[in-house]
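The two complexes that follow have chain A in common; it is paired with chain B in the first and with chain C in the second.
After this line comes the complex of A and B, so read on.
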């Protein structure tokens, strides 16, 4: 089976496991919805303020909970499963690609639900022509976050404080994604070009993809 | 030669696990290794499976030098049953087999026959997490019946199995030998070593010919 065949097989099984475990829908999503409601509850019904902070809240919660999707427990692999994959001839780079693919699609679904919730709760004044650029920016952020989470998971595989360590690795590296995503929306609202921010997101995603594919084998071997 | 280890050593966190281990296995041969818990048996099996590299000495497995990139393509020719079954708990036994067999690029049409051969045709839809230890072991045997490894490494493979399931392991060994493959049998129990032509004991990370 070639690279993409293996990657698609890994992604397919990841989806099947997520469908059964329901970690994103049953655990991450309810907490994200609760967090969405915290700001209106804390600030009262000051509608003009809520309208202004809506997109910022979306990006803050998107990154926080998006990382939870990328680093979810069900995506962890026991040593025995890693050995099984190695002996089945699974290319670690294909495994990275497959996990990043399934994680990206899950994160995009999560972002879509979170965006919908934000629009309902905050009723932000959205600029004309927002759907296309917003969808593109959120998709690029989702790709980057998932690549980052998958990479951090590989770097910290087998370590005792895995979750805490992975978050520490991810937080600083997620900055370009947060800046790119939020500034795309801001530029759109101010009727400025979104190109620099889209390029920043694309460059970050590409760099993470190259790092993930290139480092997959050495990281896997080092984690044994 | 399937396995050739020359004075290999391995340690972890300042502890020596294997020290000055020299052993070779010929095609068509079964060797046995007995040792107590914590004696280094599992690390030895993982090294023979190319999953860990020697810190000292050198070794070759199926013609690939350990600790180099030569081992990646030969891994598909190695079959391992470890003391803990490697079956994905969230998948059914049949789904798990299909997943691993697809990744290996092998023929998934052979899965029903393999499940029948290990007596799991009636339990194929049961999830890994809801299966008994013996069922997980049988699933691993089914996988190896399909993948037909040249080198079979069995780490406490008989533990926790009834006599019928134990005979499946014997079948696996016989089929590997029929293909001129090699088998390494590791156990803490000498009674599992009947098929071995040579038996070694491991203690304190050192391998010796067993009396």
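After this line comes the complex of A and C, so read on.
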């Protein structure tokens, strides 16, 4: 089986597990929507403030909870599954690509639902022509976040304090993604070029993809 | 005198000279005495960037060779880098409080991105602490050591990327924006801090080697005794 065939197979297995466990839909998503509701309550229900901060809250919650999508328990592979992949001759880089692919698609779905929730709850004033650039920025953030989450999930696999430790690793490294995503929206609102921010997102995604594929074999060894 | 002691002696002399220049160069006309903080602030971040670069190099070298000395180099350098980025952040905040009127200004993106870099390496050190097995620890932290450098360009170029309170680079390919006297004092301090970094790194690597040796030794008398297996014991 070729590289992408292997990657798609790994992604298919991940989707099956997620379909059975429903961790993203049943746990992460309701928690994120709850957080969307907590912000206005904490800030004091001022409608003009809420309209203004809506997109910023989306990016902040998107990264914090998107991280939980990437680090979901159902994505942590048991040693037996890792052994099975290794014995089947699965390319570690294809494994990384497959896991990043499934995580990205789940994160994009999560972002879409979160965006919808933010628009309903905050009624933000969105700049003209927002759908295209927003969709592109969201997809690029989702790719980077999943790559980062996959890498952090592997290096913390099996540790007792995995959830907190992986979050501590991902959160600061995800800052270029938060900055790129939020500044794309900001530049759009100010009628400025979004190119520098799109390039920042692309460069971050590319660097993480190169790191993930290049370090795939040591990652596989490290996660045991 | 051992090599590490000699390095510390050299570092102490270099820091002494650096401080003399720092306190005897002309102060900035607007910032007054607070401008002298630059002689600690910039060298601290210089050392932090060098240290994190060394961590990345050590991590790559470990991944290629699997020799424990590279892991010790990477880990020791990360600890020192985290310490110096903490010092750099603190001195930056002291300067900000005096000159801008507030220690943390969101208009200064360099401050925010540097704080992020500090947390990245706190995560690196936490990962090492959380992984008891030395080989697994070296494997995992070397991967993170490589990935962690990805955000360093964002820290360095943040002053160019954003509209920020922090000034852009003072030393550029077309010359310096600083007076020669201040530039020389800062340069001497950068050199002094680099010597201090080398001394601290050498000492920390020696400690790490001693820790590794101690960990491989039996700690209790009973650790060295292997109990007989069940079927090796004859009935009495």
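The rule is simple: the second predicted complex is superposed on the first by the 218 of 224 C-alpha atoms of A that agree within 3 Å, B and C clash if a C-alpha of one lies under 4 Å from a C-alpha of the other, contacts with A are read in each partner's own complex, and residues count from 1 in each chain.
Everything that follows uses one rule, which is that a contact is a pair of C-beta atoms (placed from the backbone, for glycine too) under 8 Å apart; a residue touches a chain by one contact, two chains touch by 3 or more.
Quick caveat, the model's predicted, so the values are computed rather than measured.
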Tell me which partner A:85 touches in the superposition: chain B (first), chain C (second), both or neither.
-> first
Does the superposition put A:16 against chain B (first), chain C (second), both, or neither?
-> first
First, second, both or neither for A:6, with chain B first and chain C second = first
Taking the superposition as given, does A:42 touch the first partner, chain B, the second, chain C, both, or neither?
-> neither
Thinking of the overlay built on chain A, is A:175 touched by chain B (first), by chain C (second), by both, or by neither?
-> second
Which chain A residues come up in both lists, the one for chain B and the one for chain C?
-> 224
Counting only contacts in the complex, chain C reaches chain A at residues 63, 113, 116-117, 119-120, 122-124, 126-127, 130-131, 136, 139-144, 146-148, 150-151, 154, 161
In the complex, go through chain A and note every residue touching chain B.
-> 1, 5-6, 9-10, 13, 16-17, 20-21, 74, 78, 80-81, 83-90, 217, 224
Considering the complex alone, what residue numbers of chain B touch chain A?
-> 46, 49, 51-52, 72-73, 75-76, 78-80, 82, 84-86, 88, 90-91, 95, 99-100, 102-105
How about chain A: which of its residues touch chain C in the complex?
-> 148, 151, 154-156, 159-161, 165, 168-169, 171-173, 175-176, 179, 196, 200, 204, 207-208, 211, 215, 218-219, 221-222, 224
